[in-house]
Amino acid sequence: MSSANSKRLRIGVIGAGRIGRVHAEALRFRVPEADVRAISDVRLDAATDASQTFGIPKACEDYHELLNDREIDAVIICSPTDTHARIIGEAAKAGKHIFTEKPIDLELSKIDAALAAVASAGVKFQVGFNRRFDPNFKALADQVRAGKIGKPHLVRITSRDPSPPPVSYIQVSGGLFLDMAIHDFDMARYVGGEEVEEVYATGNCLVDPAIGKAGDIDTAVIVLKYRSGAICTIDNSRQAVYGYDQRLEVFGSQGCLLASNNAPTRTELWTAKSLEAPKPLHFFLERYMDSYVAEMREFVRCVQTGAEPSCTGDDGRKAVVLGLAAGRSLKEGRPVKISEMGGKA
Amino acid sequence: MSSANSKRLRIGVIGAGRIGRVHAEALRFRVPEADVRAISDVRLDAATDASQTFGIPKACEDYHELLNDREIDAVIICSPTDTHARIIGEAAKAGKHIFTEKPIDLELSKIDAALAAVASAGVKFQVGFNRRFDPNFKALADQVRAGKIGKPHLVRITSRDPSPPPVSYIQVSGGLFLDMAIHDFDMARYVGGEEVEEVYATGNCLVDPAIGKAGDIDTAVIVLKYRSGAICTIDNSRQAVYGYDQRLEVFGSQGCLLASNNAPTRTELWTAKSLEAPKPLHFFLERYMDSYVAEMREFVRCVQTGAEPSCTGDDGRKAVVLGLAAGRSLKEGRPVKISEMGGKA
Amino acid sequence: MSSANSKRLRIGVIGAGRIGRVHAEALRFRVPEADVRAISDVRLDAATDASQTFGIPKACEDYHELLNDREIDAVIICSPTDTHARIIGEAAKAGKHIFTEKPIDLELSKIDAALAAVASAGVKFQVGFNRRFDPNFKALADQVRAGKIGKPHLVRITSRDPSPPPVSYIQVSGGLFLDMAIHDFDMARYVGGEEVEEVYATGNCLVDPAIGKAGDIDTAVIVLKYRSGAICTIDNSRQAVYGYDQRLEVFGSQGCLLASNNAPTRTELWTAKSLEAPKPLHFFLERYMDSYVAEMREFVRCVQTGAEPSCTGDDGRKAVVLGLAAGRSLKEGRPVKISEMGGKA
Amino acid sequence: MSSANSKRLRIGVIGAGRIGRVHAEALRFRVPEADVRAISDVRLDAATDASQTFGIPKACEDYHELLNDREIDAVIICSPTDTHARIIGEAAKAGKHIFTEKPIDLELSKIDAALAAVASAGVKFQVGFNRRFDPNFKALADQVRAGKIGKPHLVRITSRDPSPPPVSYIQVSGGLFLDMAIHDFDMARYVGGEEVEEVYATGNCLVDPAIGKAGDIDTAVIVLKYRSGAICTIDNSRQAVYGYDQRLEVFGSQGCLLASNNAPTRTELWTAKSLEAPKPLHFFLERYMDSYVAEMREFVRCVQTGAEPSCTGDDGRKAVVLGLAAGRSLKEGRPVKISEMGGKA
């Protein structure tokens, strides 16, 4: 870490749930250039607990206090998805720089309105596709861009959760394509380096019938066609019993890049029974902690230097478009062109 | 190897091209229970060369000599694809047990006629899906069947050739789906342990425009839906510059099985520049030699003991049906149900 | 990280060189239970820079100011090796709990005096063998203790630096056995779980003749015999061009445990030329950062709870005894018994 | 395999025990250039069984029949160690080319007499250090010679058997250094590319007290110093419960080469319990079969072309010298110089 800055970026965190705490802690202890001034939550006790745990001076219930605070330069939006678009609009009008968790919203019209507010306010805006900042995936994307494997032909994303979320969450999350695969849609664009033109999705409920009753699937294969003719496959499961399975492969005209899972140690145990290696890191916060810190550092750096964040509002919107297209493909049993999805995409 | 048998199976090999020589050599030097009596080829010099190289007593131009030879119990059909169905029919009538290379034929009607002849003659019949006998893939399939990963949910087949065949071959081979992916269609059924109901195929010509001019693709993704709702993805390329890429993964309710590539050695070189490992075995005969020997041993054993070969005529037919369905899916840009493909499939 | 404690341990850091800054930063940003009050260095500007960088309230030249400060509970001794024993004695008399970098001293008599002062003052004392806290090595040691491989028979430590230190450092460091292998001597005791009885060391100057001129070797093999008859081999080099090579293997009656190197990512690049993986982490601060944080957390926790630190003064002494025995073995060309080394060892 | 040669080398195999059968089968089925004419064994039924199993025309009790047979060009000596030197002498006088299993003998004087007989007869002579022909180790040695890692500094040989031989064998074998480590002594010379000057050996009986009662050890560490100052460590155990552990590492000024174990497949099983890989090949005949075939092919080729075998009588002698030096080092508890061992070594 570099020197603590006398002109640190003054930050307010909106939402003190799990991901809000992650960002607050990262900003507080791992990003010396940040000065976390306040945290808000509709549950005041949650905000207070976070403020005490991480040594944040102020806790409050109403995020408007943060928006109205002249001593706050930027906000980190970690509230529930259905509040993102509204808060983005308000924060932009208040002249705050904005980092928001994904997805921006589940409706394109609301996304468009939020992004228009950002554009008109001229504030910095970054969307929380943290996996772009994961060392494994970033190394792959950097090497693709550096031409190490020539032109990409096939991209393969393995994205399997260790266990399903509660059905109550699935009922409001937008389902597998929008709460889980949305990261993979962004990854497909990020690592592929070009836009997707067509989506084919298929899937089933093989893990837990309760998920099916809630109208969702728990096992999916998604095929994306890029403009160049390259093809991406994503495979998702809500339950990989061996842990969080997050792998990536990009095959191109001159080679192949592969990222395997992270594990807690690089050790092996050889016995008369078998040769054993540690299972992948199980919890997404362990697996992706470095990426959360890195995205916060990029956001702070961009605001301080005037640079554009690398993960933009348009990136946030496009991932939602792909998720909606996947949903339509599954429903209609056919490939769906992105041009069918309307709007600006 | 076990003891050389006094009642060895007397075998004639039809076709002395590349794969004919592979089987002849395997039978001659690695299958003590086999007695290779003769080899035929429309190019007599090819047959003669093989007979001298491998110490086979007789070489001839016309395979009918083998069919008419009472001292021959079984034939190995290694002639061009468009002759398979006819020779199968004749060999069955001559009472010879039959091992044939894949595909049986590119037309279902001819396949059906050949299989009917086999059934009526009551001879043993085995199709050359050698990859079922590969130690890696067999170990995976055995563990799937033993329930090690519970119920399969996702199957992933990576099948990429080191370099494209001549365009002249592609023009008569039936194309990528029937000359290359056909092995993967069989693998999907073999390792998945159930039948496929629907095929979606997409692909492009990204490696060599000459392949596109010949009406084929060189890069493909195929999605197969099994009856249970499980899903298989196959990805194919005609050109993996790092070598022959033959991997397999089966993900299920209780775990995941993975097979990686074989390499000539298990060595590494660590230098100031990088950590290097050997590339995968490049040539399919190196990669799959053990599987060719194993399938010959199974064929000989089945004929000698009266057991049914594990890779049947129906298996040979179904792989072709999947290949034809993939072709239709690509052409029509939609998933194709196997029930649409007509016939008995 | 857990909640910031209202009764945080008040700490002074003595020495603001490289390792002093590492501990200061870890305590400041990664150990919420610690409150770093002051840092001293004979070079005041170094202390001042660290205090500003990490937000430490006080910087001073003379460490006695820390020892005399009633608001300081514990000190972290990061000064040059030849000052350790004296400062330990003074700090103990001042009633401060003590964490000291290794080695305690290069002379056993000074070590004994320092440890006697600690014992008489009754303060907590921990020696900085950080590798015990490395996740890979700790996982191995824990599994050895849990009986996963039965009784250890053979221990193998690979410990190779990426590049030699300056010759000026080697001239005062005690040489390879005391500045580099000392970590490995401690690891041999830690992971082997028993005491060493005999040392055989051999080595040469193969990397840089200047090291030989300075009277040291740069390549060594050390064989340690444990009381039980188990054997440990250590191999050291001052220069592994591929990076920092830190591996460990423990072979026992029921199996084998292995720890391989850490690398920045778990990625591979496959090309027509080779299959490449990332090199090991090159810099010891990257490789072992987690272990530095973990040892600080243990020290703070032990002082706060009254628990005994797991890496004691006796551990610090014994590693020096082994280093001295290795030096004698090399000089005399024969195995040296620990009982020959005199003193209490 | 290449064409069967009309001038195949006519071979007699002396000894139809385990290794005799291995060579007979390899020559018969995997070396087309060889023509195995006869096999002898003091137990006639063993010779007869092998002759029937592998289709060898003649079986006899007395190896002199082979030596007297003008139709035999070369012999493969697979009889007990204490007969090697005598048979070598007789075979040389009979003008037969000679391949002999290791060790040539346990006494240097007998070795010298045998080698003198070979030299005076001018026949080809090859010693069965088959591991030089193992693809992993050969690849390492070739890369060392090609300068891929610069000058070797440290060699590390892991050589652990899956389970101890019968104590009755140990009583006549010369013990661990001469029946087991002898392969490693040869490997140290082969892969190091230079001669050894000094040996230090230590070890204990940790696996089975019965081995200790028989006067041997079952766990050993051996340190070899090369002329250049480079150092080799060998670690041996009679019992690695996870299988046959045969690894090799050569560290040099420009890098490091590593060979890991061979396993039956390249597969993994990931479950809720662990990530499992297959254990190493357990049986030495599985692990090293390719090397046995390769050494037979080299022997046949050398006789046919007049080339010198790469593994000479001198190599056979030097490995015994190192084994004897290790025994003396263990007994006397000190490093032993090769120059102390007398004779020509």
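Order of writing sets the chain letters: A, B, C and D. Residues in each chain are counted from 1.
FYI, a residue touches a chain if its C-beta (ideal position, glycine included) is under 8 Å from a C-beta of that chain, and two chains touch if they have at least 3 such contacts.
Nothing here was measured: the structure is a model prediction, and the numbers come from that model.
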| item | value |
| --- | --- |
| Third chains touching both chain B and chain A | C, D |
| Most remote chain, CA-based centroid, reference being chain D | A |
| Higher-contact pair (C-beta pairs counted), B-D versus A-D | B-D |
| Distance from the mean Cα position of chain D to that of chain A, given in whole angstrom | 58 |
| Whole-Å gap between the CA centroids of chain C and chain D | 43 |
| Interchain centroid distance [CA atoms averaged], chain B/chain D, Å | 39 |
| Sites on chain D at which at least two other chains make contact | 241-242, 254-256, 270-272, 278 |
| Complex interface listing, chain C residues touching chain D | 151, 153-154, 156, 160, 200, 202-207, 219-221, 223, 225, 228-231, 233, 235, 237, 239-242, 245, 251, 253-256, 333-335 |
| Contact footprint of chain A on chain D as seen in their complex | 241-242, 270-272, 274-279 |
| Residues of chain B that touch chain D when the two form their complex | 1-4, 25, 29-30, 32, 52-55, 135-136, 139-140, 143, 148-149, 254-262, 264-272, 278 |
